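Pasting the structures here.
Below are two complexes that have chain A in common, paired first with chain B and then with chain C.
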Partner chain A sequence: MSAKESSSGSSTVEYIQHHLTNLCAGDCDPVTHKAASFWAWHLDTLFFSFVLGALIVAVSWRLSRRLTAGVPGGFQNFAESLVEFVSTQVKDTFPGYNPLIAPMALTIFLWVWLMNFMDLIPVDLLPVIASFFGIQYLKVVPTTDLSTTFALSLTVFALIIYYNIKVKGVLGYLKMFLFHPFGKYLVPVNIVMTLIEELAKPLSLALRLFGNLFAGELVFLLIALIGGTMAVGLAALFWLPLQVLLDLGWLIFHLLIITLQAFIFMVLTIVYLGMAHTTEH
Partner chain B sequence: MKNRPAGSGLALVGVGSMLTSMIAAGFLLGYGLDSWLDSRPAFMVLFGGLGLVGGFLKVYKLLSRD
Partner chain C sequence: MNITVTLIGQMAAFVLLIWFVNKVLWGPLNNLLAERQKRIADGLAAAEKGKRELELSEKRAREVLHEAKAQAAEIIAQSEKRASEIIEEAKADARNEGERLLAAARAEIEREANRAKEQLRAQVAALAVAGAERILKREIDDKAHAELLQDLVSQLR
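The block that comes next holds the complex of A and B.
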């Protein structure tokens, strides 16, 4: 662990900052390794989110070939209850019928959950393994990167606009902007207000997921620092058990958070798309 | 829960961050308009205020609907 080699305050900051820096390629700042413009790629985010997406595809493809109508095995049971759970949510929340919504909700739930789950892997494990291969920076949790959460929420936003226009027509959609909160006498205010309201949807989706996961990651880093910086000699006998205890506690609590955040993202996607499908606002 | 229009119950999940993100969205929209019209901070303040009002209204509406 890089934290164990040092005990001064500045290297504590360095340790945290190092862990919060993405592996950047393209147009990056050479000193801070942060993205300098739009054309910068966070390779670690792309890699892990792609791998986890591929994992979902591979596992469900494998499962689909082994599906039985008779007595299902353990994993099929689990998958069935998951699909059942999501489809119940969609039926309760979504007005009307759209064959795209339930599969998409399931995909969002699984993918976001898996990306969040990367948070529960020991914070130093993957970066240390990567450093053996000469990779200096590695941020393993894709959802602690704003690029991921905004990519997800802007995709949902595009779908919201698409279904709004498809269901209400272009004119019907524009009419929604004119008369919505304050009636017909305050049309300019209504336009701004509805614009703000629509813009707040992807913003809140992305920032909520990012904020929760970023904070969770930060707490894991701080807990890792307890044993790392303070355990010298006999003091380790006290600090290391404390670290283990705190880590376990936060891990169990965080397991709840990552599931809840994935669930909230899924539910709000369904709700927003449901709003797009209904004419009354 | 059963009598409510579909979606209203679970929409409450997002109430907490709705208010903040409405303000943020207002500021962002104002910021964009300001850098276009070169009039900072007029629209940023105006739209931020509108976002705050709209956020309160929206949350109130969501919470009082039953």
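The block that comes next holds the complex of A and C.
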């Protein structure tokens, strides 16, 4: 977990910036290695999220072949309680029945949690390993990439619009913009209010997750810097234990945060889609 | 900026993952839970049914036991009655037999008495004849009346 050879203030900034730079391909800035335009691929984000998604599929597939309706064994127990948990959330907050909602909620919870979990891996471990293979930049937490969080929230947003139109009809959906929340005498205000309300849904979903994870990652980087910058000579006897202690504390706290964020994303998705399914406001 | 074409890739991955999760995790597990729910419900219903049946059969067993007890009591009463009847019959038989024996004995006694009477009569006749002989000895000619006397003796014997 120790930071690389960085002793001065500028290299501290460099260290952090280096860690927060994605492995870019396509239209990238050759100097800063940041995306220069929309047409840049963040390979690390894609790689880790795909691997974690594949992990979910592989583990589920293996589990699904050994399912038993009798007395469930260890891992099946866990998977069942997870499914029951999501199922309860959906039943509690979602009006009516839609076969898409629960699997999506489960996917969000699992995938977001796993991507968040990458945050708990020591910040330098994977980048250092990658550097052995000649990969200079690696940002291991996909949810600290706005592309990921917006991909999730915009997909949800698309579904919100789809179900709004499906349930209320195109006219019903437009009426919602015109006459909600203040009735027919304040139509312009209503349009602005509803527009903000609707746009706030994907924005808040994406930014909340991104902000929490980005900040968490940053704190891990700062804690890692303690060992890297201060632990010189005898001072290491003080700073290294402090770093370990702080890291452990933040790790435990962050474990709660990543679970909470995955849960919030899931629940809000259910709530927003539930709102899209209700006709009267 | 930070939002790049990665967004599209992640969206595709997300949609694909939802499909996969539905296929390999949510679907099978949900079916399984539904199946187990049904199984448990069935089991509970069967248990309930079994309990009811047990109650029913217990009730029936009680009835049968009760019936059997009543029957047994009836049989005992009958047999007691029969036993007393048999005793009565035996008593009556014994009494009849006794009476019969008594009657037979009486008849025997009477017969004996009659025989004794006959003997006595014969002897009385003999004595009478003897007496009469003595009285009549002088008047009766042995030779003249021998035949008559002989006949008389044979009659008395």
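In this section, the second predicted complex is superposed on the first by the 277 of 281 C-alpha atoms of A that agree within 3 Å, B and C clash if a C-alpha of one lies under 4 Å from a C-alpha of the other, contacts with A are read in each partner's own complex, and residues count from 1 in each chain.
Rule of thumb we're sticking to: a residue touches a chain if its C-beta (ideal position, glycine included) is under 8 Å from a C-beta of that chain, and two chains touch if they have at least 3 such contacts.
Note that the structure is a prediction, hence the values are computed from the model and not measured.
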Discussion item. Given the alignment on chain A, is it a clash or a fit between chain B and chain C?
Written reply: fit
Worksheet item: Counting residues of chain A in contact, which comes out ahead: chain B or chain C?
Response: C
Practice prompt. Have a look at where A:L186 lands relative to chain B and chain C in the superposition and call it first, second, both or neither.
Written response: neither
Fill in: Touched partner set for A:V267, first chain B, second chain C, both or neither
first
Practice prompt. Figure out whether A:T155 sits in contact with chain B (first) or chain C (second), or with both, or with neither.
Written response: second
Discussion item. Touch test for A:L222: chain B only (first), chain C only (second), both, or neither?
Written reply: neither
Discussion item. Between chain B and chain C, whom does A:W39 touch in the aligned arrangement: first, second, both, or neither?
Written reply: second
Worksheet item: Is A:V167 in contact with chain B, with chain C, with both, or with neither (first, second, both, neither)?
Response: neither
Worksheet item: Where does A:P103 make contact in the superposed view: on chain B (first), on chain C (second), on both, or on neither?
Response: second
Discussion item. Nearest approach of chain B to chain C by C-alpha atoms in the superposition, in Å, rounded to an integer.
Written reply: 15
Worksheet item: Which residues of chain B touch chain A in the complex?
Response: 5-7, 9-11, 13-14, 17-18, 20-22, 24-26, 28-29, 47, 50-51, 54-55, 57-58
Response to the item:
In their shared complex, chain A is touched by residues of chain C numbered 1-11, 13-18, 20-22, 24-30, 32-33, 35-36, 39
Worksheet item: Which positions of chain A touch chain B when the two form their complex?
Response: 89, 92-95, 181, 189, 192-193, 195-197, 199-201, 203-204, 207-208, 264, 267-268, 270-271, 274-275
Worksheet item: Which residues of chain A touch chain C in the complex?
Response: 26, 35, 37-42, 45-46, 49-50, 53, 56-57, 60-61, 63-64, 67-69, 79-80, 83-84, 87, 100, 102-104, 106-107, 110-111, 142, 145-148, 150-152, 154-155
